[in-house]
Amino acid sequence: MGLFEYSASKELIVRLKHDADLVQTMTELVRSKGIEAGSFTVIGALKRARLGYYDQKNHEYRELKIDSPHEMASCIGNVSLKDGEPFIHAHVVLADETGNTKAGHLLEGVVFAAEVHLRQLEGPRLERKYDEVTGLSLWNME
Amino acid sequence: MGLFEYSASKELIVRLKHDADLVQTMTELVRSKGIEAGSFTVIGALKRARLGYYDQKNHEYRELKIDSPHEMASCIGNVSLKDGEPFIHAHVVLADETGNTKAGHLLEGVVFAAEVHLRQLEGPRLERKYDEVTGLSLWNME
Amino acid sequence: MGLFEYSASKELIVRLKHDADLVQTMTELVRSKGIEAGSFTVIGALKRARLGYYDQKNHEYRELKIDSPHEMASCIGNVSLKDGEPFIHAHVVLADETGNTKAGHLLEGVVFAAEVHLRQLEGPRLERKYDEVTGLSLWNME
């Protein structure tokens, strides 16, 4: 287990732009604001999305295209550094018109409407590094 | 994109009353406490619920009735002003006895048990206003 | 309704150990750190899990085994005291390779990778107590 302690800095409330990509816009936001560590939630709706499922045995992402409008029932994510730059990691749960859900790692999500609460954290440098065991870029906390 | 900066104020831990409606009780809570901006999560279980799915083309909500007990696997929401009064916007993911889920915008949810963590935010006035593009009341951040 | 006010203390960013049980590790963490009240979110992936659905009529948990790898699309939880010791209550939404979900109360979850944001809260003693109406251990806030 790795553990870092932070203090809360700014609390940002953000309305993402209609037709923007959630992951890309959030990435631009944290880079322009110099936010290097943080945690966020989002609710709203997406026009379409691309989700990822990580194959734990073969160490590769499988992609799932969501081509229709969905409620964004949940989106939880964090901000850390990857290759020295602020990086967004987000997971979502989407719901269709019957309430049925699709969920996973958010690769791309075209915003219909999105309400973000992002907490900026101040403290140790939180950097991702390739992890042999999982094949993922995980927080280097040694 | 619109962005406002806040500072965290009180952190409220709340146990909602058995048989209360989640949305109505949370609305009463933020109004009585004078909380005009905030962010919250809830876990627990609902006896029954009414979910909304927003039809992005026709600009109208479709309702889905959930008439049986469900775990509230996730509930993420925020507080802002609508028509000058504190207003609750919440999305949920519900799970039945087989773990299958229904999710969406929470219109009504009768509480079996509910544990809330609500963060009050201090800063700019966060007011909803009718948005032509989506047909929704979105944050006016211009 | 019961309500306690807290102030935010430390914000902990934690990478859980591969193959650890999420609930057990989080329990050990809050006990070793002396965290008696808090709120957290987690995203990542689980190798397998055990979920609970609470039967609201018969007052008993039904268990659901998830024996295959899943994305942890959402995990929301809190920390309070039960029998005088820090106690973890967490709900999850899991997604399989087709994006389909299973969700509920998290009884056990074997970590593939897990990124935790835990907010420690300082304030009144938040203790669970048996509640006759629900048959659950709920926060005693009288």
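Should a chain be cited, it is by its letter among A, B and C, assigned in written order, with residues numbered from 1 in that chain.
The working rule: a residue touches a chain if its C-beta (ideal position, glycine included) is under 8 Å from a C-beta of that chain, and two chains touch if they have at least 3 such contacts.
Small disclaimer: the values here were computed from a predicted structure and weren't measured.
A.B. asks: If you take the chains that touch subunit A and keep only those that also touch subunit B, what is left?
C.D. replies: C
A.B. asks: Copies subunit B, subunit C: same or different interface, half of numbers shared as the threshold?
C.D. replies: Shared-number fraction below one half, so different.
A.B. asks: Provide the C-alpha centroid distance between subunit B and subunit C, rounded to the nearest whole angstrom.
C.D. replies: 21
A.B. asks: Please output the residue numbers of subunit C that touch at least 2 other chains, ranges allowed.
C.D. replies: 8, 41, 74, 76, 93, 101, 119
A.B. asks: Across the complex, what residues on subunit B touch subunit C?
C.D. replies: 8, 10-18, 20, 25, 29, 41, 43, 45, 47, 69, 71-76, 93-101, 112-113, 115, 117, 119
A.B. asks: Once bound in the complex, which stretches of subunit C touch subunit B?
C.D. replies: 1-8, 37, 39, 41, 51-57, 62, 64, 66, 74, 76-78, 89-93, 101-105, 119, 121, 123, 126, 131, 133-134, 136, 138-139, 141
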